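Alright, structures below, take your time with them.
One chain, chain A, links the two complexes that follow: it is found with chain B in the first and with chain C in the second.
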Partner chain A sequence: MTKYIIRRLLWNIPVLFLIAATTFGLSRALPGGPFDFAGDRSLPESVRENLKRKYNLDAPIYVQFADYMMDLMRGDLGPSFRYRNQTVNDILKQTFPISFQLGILSLALGLLIGIPAGIIAALNHNQWLDYLSSFVAILGVSIPNIVLGPFLIWIFAVKLGWFPAAQWGVDYTELYFGFIPPMNSDFWSHAALPTITLGTALSASIARLTRASLLQVIREDYIRTARAKGLPERTVIIVHALKNSLIPVVTILGPLFAGVVTGTFVVEQIFGIPGLGRHFVQSVTNRDYPVVMGTALLYSVLLVLANLFVDIAYAWLDPRIRYD
Partner chain B sequence: MPTPEQLAIDRRAPLRVSVWQVRWRRFTDFTRRYARNRMAVIGLLIVLTWVVVGLFAPWIAPYGYDKTNYNAANQPPSFAHPLGTDALGRDQFSRMIWAARTALIVAPTATVVGVVLGVFFGLLAGYFGGWIDEIVMRLSDVLFAFPGLLFALLLAATLQPRLAAWLSQFERIKPWVRAGYVEFFVVVIALSLVGWPGLARLVRGQVLSLREQQFVEAARALGVSPWRIMWQHIFPNALPPVIVALSMSMGSAVVAEASLSFLGIGITPPTPSWGAMIYNEFASWRSPSAPWLLWAPGLAVAALTFAFNFIGDGLNEALNPQDRLT
Partner chain C sequence: MRRVALLVAALVSLLVLAACGGQSGETTEVVKEVTKVVTQVVEGETVEKVVVVTATPEPTGPEPVTVNINWGTEPPTADPALSTDTTSHALIEEIFLGLTDLDPETSEAIPELALEWSANEDNTVWTFKMRDNAVWVRHVPGGETEVVTDDEGNPRVVTAQDVVYGVKRTCDPRTGSDYSYILYIIKGCEELNTADPEAENFQELYDAVGVRAVDDFTVEFELNYGAGFFPQIASMPVTFPVPRWVIEEKGDRWVEPGFIVTNGPYVIDEWVHGDRLDLVRNPHWYGWEEYADQAGNIERLHGVMIEEASTSFALYESNELDTAGVPLEQMDRVKTDPVLSKELVNNPINCTYYYGFITKKAPTDDVNVRRALSMAIDRKTLVDAVLKGGQIPANAFTNPLNFGSPAGDPEVAPWALPEEMGGWGYAKAVEEAKKLLEEAGYPDGAGLDILLMHNVSESHAKIAQAIQAMWQQAFPQATVTIETQEWRVYLKTIEKDSPLEDKPNVYRLGWCADYPHANNWVHEVFNPEEGSNRPLLSYDDPQVGDLVREFAETTKAAQTASPEEQLALYKRAEQLLVDEIAAMAPIYYYTRVAVAKPWLDRVWGEPGRMYLWQWNLDVDARNAAMGK
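Showing the complex of A and B:
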């Protein structure tokens, strides 16, 4: 197992290198440069040349890439071209925790609603409760964030005025250890709508999977054995069926995590949340190469780790699975 | 030991059914099972309606999608403008109809390209194994570690202007470039590149189990070429989950196109796209002056996604009857 983990971690180095190279190439291929301001703000040619020299943008692209990779080894993601006083590390430090909070909250909401809903549907198989929850689940899977988000804002922020329509409740300076937000009402009221927006689709797909998986497990021989032993139904379901039925749910947590990352891009844009996703979209339009690179790399590392974690959890939950 | 004559008779009498009769029978069985799922039928109807609307957009839409009329800007719904007009005085109803065309060109094309790539690489990797498998799987590893929308965003942002500039040199293509078809093309490429690895893995898994089955062994023993085994023996059997995935990913492609356009990077104005329309009218959600401008494209995206997902559900039940219980 340890060997497997080490091998996976080592394999991820070339993967991340390829991603770095692709992102680097793609971001440099963006037409226009970071210092091409339009209209009144446009810079004279000489200033632009100097700026380019300062950030080493006049060097051949492979030299730039080599320099970037050397800096990366030291954990330095370089300066931002747009925000003159900030490095990419600063920007990530300020914006990523917000996206992270949003992601974790949505994932938690997805699991908290999805798993019980799936179990209830499976236990009431082919009864109205099952049909209802399956129908709601497929609706939930289908409703896109860009539709649900504005819809929630319309009802709960504009019409009812229960929640703020935009922004995030806490500033990065208020975070404990730079990550954990103070659990005050400001935080929760701002987090509510975005979390629901992002968490609905998650809970729906988790519910569908839990239901399907539990239905399959219930028909297994060992469940029949447990029932034949005269165990109460509650014990059969909770002790024998549930744990095994959650294995497939664990396996899709990796792809779900990727979905959450993608979702934060859109949801942050809808709710005007100053997180990393929103910053990334802006950086693409601003041609702020180092921020684009830094974001892509950070998310890739996270995804790679999430997938690894899922595979390990899989083996731990199902002793029949052996990696070697 | 029967004589050859007896064998001939036995062979002839009871089984005079042509291949096409069998296929027809299978098809009617399939449609009957599909029709049992009412939501799937409704989904199919919704999609067909949008297809018709998109196909006949120039005849159905009362106005052009880019026809501005500043004297009639920001109007509420009326007989002349069933869904009102936007800030530029463009008829929202007509733009909705034209946007159906965008959605139904981009999403299915992106999905089909992605599925073709996925099936091709999945078959190759699963059937031949070895270094081909290694390369395909590692490539999909890389794409999996890259958040899809992030990659699509970067790809669309870099490809689009360059391609448009390059194509504009050709006089004949120029009007197409100006009409925004390059954006369609770029979004299709971006989405299909992001979409194929998942399908490739699905197909590969299917092939790995099918490859070991006896009918494949029999074909191999008869000296059928690998290529033919792959396409004629393995591929049809690996198809059902692919068809279900195809329908499901159409739904997500509709959302992905709308999301990219919502972020301002996919289909850009004046070409109408539901996602871009939602983004355009977004301010009015916060200061509710013209909510109908937002309801319409929002509902359209949602309806189309529902429809594709319900179709996927129906296909799943119809194609895998043994899974019906789960």
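Showing the complex of A and C:
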């Protein structure tokens, strides 16, 4: 197993390199450079030249890429072209923890609602509980965050005044070890609405997947065997069926995790949360190449790690899977 | 056992750390009380040290008067040489001073650092006499604001040398200032800005820039051509004095809280990137005493950075913001709501929304087609039924808030104005448009194929669809296609040098004044050689080549003309641009649609200028409204 993990980790190095090279090339292939315009006015060629020289964009692209990779080895992700008093390291350090907190809370809420809802639906196959759960899940999938978010703000912040309308309860200066928020009432009250917005959307798809997968597993021979042995139904479901049925759920959980903890643009935008999601989108609009690279690489690293964990989890969920 | 030992060790070290923290906290307390002056000489180099001059601790009395606003987004910079957007500009205006400021009502240059100014006969040499009581300060985040001192321990005053450094720094190619080109009007600035920093004569070029300190408080500019509007340029951040010694030490990060040294009415107290930026009063600013009669009572500004307009408005409605913008979709509700309608503010701002015509691409290479299209835009209906924000129909490019604008004058493109403004009205304009199009060989629009392009945005789409419908109705057989592109791709497409085959016939853009003068509009945007010239105006155009030449000469002549002559010249330039050449169709002049709570009495300057020091907030009224 250890050998397998090491092999996988080593394999990820060329994968990440390829991602870096592709992102580097693609971002520069987009028409319009970072310093061609200020707002909607085009800058004179002389000004563009100065800025390109300042940020080493006048060098041939392979030299730029080599320089970038050298800096990357040292952990330096470069300056931001848009926020010129900040570096990409600053931006990631400041925004990633916030997005991570929101992502983890939402994912937890999604699983907490989604898995039980899926099980209940599967066990009551084609009965009213199943239909109800399906109905709620489809509702959850089809109401976009951009509608649910403002709706929750309007009800619970503006009308009822139970929760703050926007912002995150802590900022990057208040985190323990630069990552862990103080779990005070301020944090939870600000986290409530965005977590519900994002979490319910996640729970809906998790519920649908759990239901479908469990329904399939329940019809397997070994479940019939377990029942024939006279095991109590509870043991049959929880010990034998559920564990196996979770494989598809775990499979999507990997990419879902990487996607959610690196920030959700819409939810962060609606609730004014200073997370990473904004930078994913705006860095491309601004042609802020180093930020594009930084966010893409962070996401890729999380994605390959999450997928590795998923593969390890398979072995635990299904003893037939071995990696030797 | 070993584990326990480790744990104990960890605990002990934590306690020690905590104790140290407590101690250092106490020492700063002590420093606050003892006023001390420190100068350091390190290896022959003098290093200025921040020193406490008036460190009398603020009495821990009532809460400071705090106004809550939304910056709208993270300011990309606080560096005056680098700012290009209104958010950065708004911040810089509060924390830095320029030679001049702009009057919030008239946009004329008014004294700030410079108390008076004068020019030579042909407006090519400008001399600014500066005040001697503006000081550089550094603010300890969450603590005191301290006056910076020099080697002898004297307060560091803002001098003419600081201005010279600021201007030259903008022109210096190594700074990478986006707006450096605005200072190309100053002698030698363009030469320096376009030079290679490695070149041998670089220092010579640096020294040759036409700005010099005559004495400590007199600064002189030498211009390439006479410009009566130069005092307004002197209000732009690219000309601001900046603290050389901090910039040379800290580089690009000099504007970060803790490092930054400023001189304006407010200082940055806290800047949590992407989240909030709070300002507090700079007690050392001269204006609190000198202009006590105009000063407001804001001691602290709490500014969040919410990009989503509807969320910002929700915060306003729950009293967490004292002033905010109004999202378009809320306009109808705000106008009819008994409370909100009284808080609504609707004032013109210095921007023009327009459509440009590519004059080299058929069929808009025909002036009659361009004029017909422009005439067939029902500006009044567009403003009243689509935009609903009190915008003003435009008949000239230059916004009426600028010197030299003939906006609203029926002698310029009268067909663009509704009858009540002295124009033709839409019915007559459409008749004329139909005639023109028939002359051009497209009766009823038959055979006319127009490509209209705008960048992806809901509001631009609404306007484009409305105008498409107007054209279709006026010319039933024409084909009008709308295409959209992502912002930067779009800007690239419509740029002067981009391939003609990628370009549309009609493009959308807006323009906002850098300084409130027609030169910034007609000349800098549309001059065939020196402007952005997106319509591709050319002296060789078979139909309007001579008119284009006349246009270029007119705006050029206006630069050195007397104010009365300028008015006539700019009017002629607009007649050419909008009507006779029809290079563009001005559509409307922007307005700001915002709300402010009744307890806030604020100044509504141009976007990017808050004049926070003049705001007043009635804390009792706010507390009463919030049930405190």
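We adopt the following convention: the second predicted complex is superposed on the first by the 273 of 324 C-alpha atoms of A that agree within 3 Å, B and C clash if a C-alpha of one lies under 4 Å from a C-alpha of the other, contacts with A are read in each partner's own complex, and residues count from 1 in each chain.
The working rule: a contact is a pair of C-beta atoms (placed from the backbone, for glycine too) under 8 Å apart; a residue touches a chain by one contact, two chains touch by 3 or more.
This structure is a prediction, so every number in the text was calculated from the model and none was measured.
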### Message
Just checking: does A:L303 make contact with chain B only, chain C only, both, or neither of them? Give me first, second, both or neither.
### Response
first
### Message
Going by the contact rule set out at the top, does A:D130 touch chain B (first), chain C (second), both, or neither?
### Response
neither
### Task
For A:I153, select first, second, both or neither according to whether it touches chain B, chain C, the two together, or no partner.
both
### Task
State whether A:F35 touches chain B only (first), chain C only (second), both chains, or neither.
second
### Query
A:Q167 contacts which: chain B (first), chain C (second), both, neither?
second
### Message
I'd like to know which partner A:I143 touches here: chain B for first, chain C for second, both or neither.
### Response
first
### Message
Contact-wise, after the overlay, does A:Q216 reach chain B, chain C, both or neither (first, second, both, neither)?
### Response
first
### Query
Touching A:D76, do we find chain B (first), chain C (second), both, or neither?
neither
### Task
Would you sort A:F265 into first (chain B), second (chain C), both or neither based on which partner it touches?
first
### Message
Considering only the contact definition stated at the top, list the common interface residues of chain A for chain B and chain C.
### Response
30-31, 150, 153-154, 157-158, 165-166, 269-270, 285
### Touch list for chain B against partner chain A, complex
39, 138, 141-142, 144-150, 153-155, 157-158, 161-162, 165, 251, 255, 258-259, 262-265, 275, 278-279, 282, 285-286, 288, 291, 294, 298-299, 301-302, 305-306, 308-310, 313, 325-326
#### Entry: Contact set on chain A toward chain B in their complex
11-12, 15-16, 18-19, 22-23, 26-27, 29-31, 125, 135, 138-139, 141-147, 150-151, 153-154, 157-159, 165-166, 212, 215-216, 219, 258, 261-262, 265-266, 269-270, 280-281, 284-285, 292, 295-296, 299-300, 303-304, 307
### Task
Quick one: which bits of chain C touch chain A in the complex? Just the residue numbers, please.
74, 76-79, 82, 84-85, 173-181, 190, 193-194, 197, 252-256, 272-276, 304-308, 310-312, 314-315, 317-318, 320, 486-489, 491-493, 495-496, 509-511, 532
### Task
Can you check the complex and tell me which residues of chain A touch chain C?
30-32, 35-44, 46-47, 49-51, 53-55, 79, 82-86, 90-91, 94-95, 150, 153-154, 157-158, 161, 164-168, 171-173, 269-272, 274, 278, 285, 287
